[in-house]
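What follows is a set of structures for review.
Look for chain A in each of the two complexes below; its partner is chain B in the first and chain C in the second.
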Partner chain A sequence: MLKPEFPSSDAVTAAALRPLAPSGRRFWALAAALAAVVAAGGVAYVYQLFSGLGVAGYSDHGFWGIYEANLVAFIGVSYGGALVSAILRLTQARWRAPITRLSEAMAVFSLLAGMLFAVIHLGRPERIWRLVASPQISSPLVWDFVAVMTYLLATVIFLYLPLIPDIALLRDRFERAGGLRFKLYRALALNWADLPRQHQVLHASVSVIAVIIIPLAVIVHSVLSWAFAVTGRPGWDSTIFAPYFVVAALYSGVATVIIVVAAFRWAYRLHDYIGLKQLRYLGYLMLALDLLYLYFTFTELLTEGYVMNAEVVPVLESMLVGQYAPYFWLFILGGGIVPLLLVCLPKTRGVPGIVVAAILVVAGMWLKRLLIVVPTVAHPLIAGAWGSFQPTWVSMSITLGAAAAIPLLLMLFFKLFPVMAIYEMGEIAEEARQDALRLPVTAINQEGLPS
Partner chain B sequence: MNLKLLATWASAALAVCAAAASPAVAQQATDQGTTATTLALSADARMDSRGRPVPGQLVLNATLTQADGKPLNNRVINFYQQVDLLGPHDAFVGTANTDATGVAALLYEAPQPGLQQLKARFPGAPGYAPQEAGTSAQLKEGIPPFQAEPIPLGKVASGLSVGALLLVSAVWLVLLGVLVRTVTALRAAGAPARERRARARSTENISQRGGAETISQPGGEVST
Partner chain C sequence: MAKSRVALTRRRFLTALTLAAGGTAAAPFVGERLVAATSAAPEAKHQWAFVVDLRKCDGCEHCTKACQDEHHLAKDQKWINVYRISSADGETHPMPRLCMHCENPPCLKVCPVGATFKNAEGVVLVNQQTCIGCRTCMAACPYEARYFNWQEPPPAPKTLMPSMPEFPVPQLKGTVGKCILCVHNTQTGKLPACVEGCPMEALYIADLKSDAATNGRETVKLSTFLRENDAIRFREELGTRPRVYYIPGHGQKLIF
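This part shows the complex of A and B:
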């Protein structure tokens, strides 16, 4: 007997293809608004390119700032998205199926947005070529570049492979209509004909990539943290930085997945497929990571604060009781404690409460990345050279532009591809049917999976 | 004395040769209203703990006294080296204060071997006239060129880079390998089915076209 949580394949297909239908005014208005924010960011970047990084608030006394925080935050979100999907796949969590596509796509687009900030930070962007042409292999920045490019390749493959059966479905639907869209689907569908051999190959490949992407994401975000930690600057020179960054990435990544899933659920009326169950499970995951991140923050501050090395004192003071204290305590409260309570308390553990918690986490974690970068930069080892970083309209416009690019790209992507993994949902529904009939699942695999 | 010492250590690639010993070009200040001073400068080879001269290093001793020979304590003496850079110039070397015996000592490290033209200058003080003295020293060797100390665990660090490069290459190979293998296998497995489907579609189209032609026959006649 079919469980209510696994609806018929026709219903799933219809729901997953809803974004492909001609869109209404609200869709295009939102797309236009997001495109306008992206364009404003582009204009600000061109202005910065001609005027220098000074217009973004950068100076000799504040040479790293908002762009580095964005780089870490956006790429971190991407890792979170990919890891959620990979872990749920490998653990065979059945509830994952409606949300994996969204988290995988979010991983790719937030990674692209994050990578932009490596270029935006350069006053002379054409010099990025030198990382390839004449790399200094002892520099963590070179390895950062290598790691992020490797991770980009992995996330694109991880998004593409599970899409193939769904693309084949679209290819068949658009066959009569023809045109560019059909040609695109035909090329990407790779002769998919729903054959047992194809299922076997695809399963094996997706599993391999899912296995690779987990250590890869951990290593890549660790390398990103070492770009800070190995500089020997107070506040950055910490042995805990790599796991601290990885947990931060997962924490903000899971929160972003919640926001994206909830937004598409609401916009395309996917309530029957993405229920409270999915959001609540993601909320629990976020809760665990919240506690872990608060623990790491406490551990780092305790060890640094107890030893009180002379060069660390000004950084700690400025963050805990000084210039940056309001932002730090805002992060602790808004990005740590309030989300924790919202998910913990049964009364607020509904969809709105979980989504609000996720929004607070994303905002709080962005603030925390800024607090990692700025106080340390503002307090170099030479006391007389202390300075500060103040964001300007240019850096804020570029930041908002990149942030707006992620939902815009997601909206446009899902105008072309199904928003939910139809094939996987069908597969899982079939498994559930077989479980209900008490038939061994292996029997299905030998016979070939259902279409 | 210095020449004697140099001769003793010449066989051990000695640094200092020469006239460093020549004490003092001293001058008398004669201005009205100020006390005259004398300044003497000597350049002696610096000795290591075993009494051997250190290559390229000289100790400059400037002795500042009043005309009556009484030493002047705690007065600033500036030291210069004469260099030829677009003409002769005095390049500032360093500064030292005189002690109770009127001596200001400064360690001088010569970057280049050869004749070193050195000067000491007392800029003057309230009641004391400025003064200057010079000397020269012939050095066979300059200070040894700077050599960076080996990086701690340097071999491990370079090995780490090679290891990381191998790891990254392996990951890229696996990722691209999985992609290529999947694309190839899926295309190959699906090709016959796609061909069958295409043939079926084509047959269907032909029959549809045939049907259309039949319908379009004038007079409603059925054609074959």
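This part shows the complex of A and C:
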């Protein structure tokens, strides 16, 4: 009963290091395809630099749009990765062990992609150093900058700390081969020698960073929402915006963790370690957040729609019955209700159903971010026609390029580092074995956990 | 003993982490200075304001044209824009909207680099040499008074002066522009381009300091003029305290 649950450490090590072996044609074909998409985005950005932001689809009545939505969406996804890992660590959920590494790496790379849009959306990106040299503290963008930089530091530490024992293992394996790779591992392993004291320090550090990263991510998303909310525009002028953004981030983030975990499980045949259980539990987490997000959406719409403040009505109307209604209801259906059903119904609760639900959630939440940004910006504040934001090939290429960068970076990262937390999995297997010795066999349920 | 060791390391780790996080957080503030002047200097010679007499405005948009010529603006940049406001009786009436040069400008405080500032005479200006082009000010302005240079702006004749907040000609691509109340003209005793260009004499440049306003033909005592004609400010309820006053007329309704 315990065997499939906690496989031997040799098997885990072999599986976790599978991506490090020379890759086949399929790997490099996919990597090349993703790199081409990233390069196309780069070319589009250079074109935008020379031609001005107008070529991305912006205008004075559509002054924010796709890049701002991307910024929120990608950083939101990052939060999900960090949080899944942090919460599961703090609650000592043993099933977390094979997926924490993937979640933490995803958190770092999607954050980097999101931060990219903070630069891409600027009219004068070459002046961004002024945010450091002469910031104006009253600006929500300065708060954003500080919060995101701090969060970046935390996510990198959060990825790195549990990696140290695994890097040490690689260091020992590559010692004979030597070379650059060995030197890299040796430097990053920080003289890890499996000493009891090192274990203590590592445990303490990981717990602390796991505790810190949760409020930090809440802060990052609250601050992001305030960049919109403090402008007082109809549609953004909402007191629930901060928690609304936090839940949105979690929801899309957990969905992304599901996609990443399922993709690596499939590509590197990790089925013995990452079971249906992991994906299903993540699916339940996504389900809870789905309901929470729909609840927040309903709350916001109810108060606005009931009061019918003259300034808010046009924005609300455009969203519920007007020009943006098809997108809004598409989101409710495709990004809210269908994923809910897919995870709820026993028939579709398998891996394919959960992954499809997660893909719908990520796409739906991206659309929702556009729906948060565009109608409020396009709505005329005084009189006259509505503006619009129409994405162009430039902004679409850049968006796709940044999105492709995340899987590409993950693929390359796991060419260098183990895809599962070997050390941690060994530790947990050991814990489980000890529990099994202490408890009568009947007290162990199917999860291998004491009931 | 082992326990005390753990506590010590944890504390150490926490301290180090707090220092690192705090250091990262504090880094931007090291070079911090109060970049933007947030209020006018009362001792300045003038305190500029503006009056729009809606009774006279016929919506010809000569003001818009004059402004665009003066500042060599693209056609979609209407620093003074004539809106058509629908009134309760179903008719539409023209209403020119320029920058309100608010005493409490929402655009100013959201700028991350302090590129928007208020000069000593109460005029809200943008330094296009430092603007990073994030457009948060456009989001914050409740009057839609700000415009972005999405493309290369139209060519302007060579001037002796470089583009500066008081005379942003030519406009700089990737930065925000707006009405500057023609500070380059008022400095030398000339009228703003829109006031000069209004054939209906509906626009007045005003000075709170000397309590006078002129449309180029007649000069009035500002306080009396505003009081006797029931002048109002656009969206008073927002607390922005605009320096632009409207004299209602035509029976049109202003949005509140």
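The working rule: the second predicted complex is superposed on the first by the 432 of 451 C-alpha atoms of A that agree within 3 Å, B and C clash if a C-alpha of one lies under 4 Å from a C-alpha of the other, contacts with A are read in each partner's own complex, and residues count from 1 in each chain.
Simple rule for what comes next: a contact is a pair of C-beta atoms (placed from the backbone, for glycine too) under 8 Å apart; a residue touches a chain by one contact, two chains touch by 3 or more.
Here the structure is a predicted model, which means the values were calculated and not measured.
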Overlay on chain A: chain C relative to chain B, clash or fit
clash
Identify the partner contact of A:137: answer first if only chain B is touched, second if only chain C is, both if each is, neither if none is.
both
With both complexes overlaid on chain A, does A:208 touch chain B (first), chain C (second), both or neither?
both
Pick one for A:190: touches chain B only (first), chain C only (second), both, or neither.
first
Could you say whether A:164 touches chain B, chain C, both of them, or neither, answering first, second, both or neither?
first
Give one of first, second, both or neither to describe whether A:416 is in contact with chain B, with chain C, with both, or with none.
neither
Counting only touches as set out at the top, which of chain B and chain C does A:150 meet: first, second, both, neither?
both
Touching A:325 in the superposition: chain B (first), chain C (second), both, neither?
neither
Looking at A:122, would you say it contacts chain B, chain C, both, or neither? Reply first, second, both or neither.
second
For the combined three-chain arrangement, which segment of chain C clashes with chain B: 80-88, 116-124 or 206-214?
206-214
Footprint overlap on chain A, where chain B in one structure and chain C in the other make contact
137-138, 146, 150, 153-154, 157, 197, 201, 205, 208-209, 212
Spell out the part of chain B that touches chain A in their complex, as residue ranges.
157, 161, 164-165, 168, 171-172, 174-176, 178-179, 181-183, 185-191, 193-194, 197, 201
Listed in rising order, chain A residues that touch chain B in their complex are 137-138, 143, 146-147, 150, 153-154, 157, 161, 164, 175, 190-193, 195, 197-198, 201-202, 205, 208-209, 212, 216
Any idea which chain C residues touch chain A in the complex?
2, 5-6, 9-10, 13-14, 17, 20-21, 24-25, 27-29, 31-33, 35-36, 76-77, 83-86, 95, 97, 106, 109-114, 130-136, 138-140, 142-144, 147-152, 173-176, 238, 255
Seen from chain A, its contact residues with chain C in the complex are 51-54, 58-60, 63-64, 121-125, 127-128, 130-142, 145-146, 149-150, 153-154, 157, 197, 200-201, 204-205, 208-209, 212, 227-228, 230-233, 377, 380-384
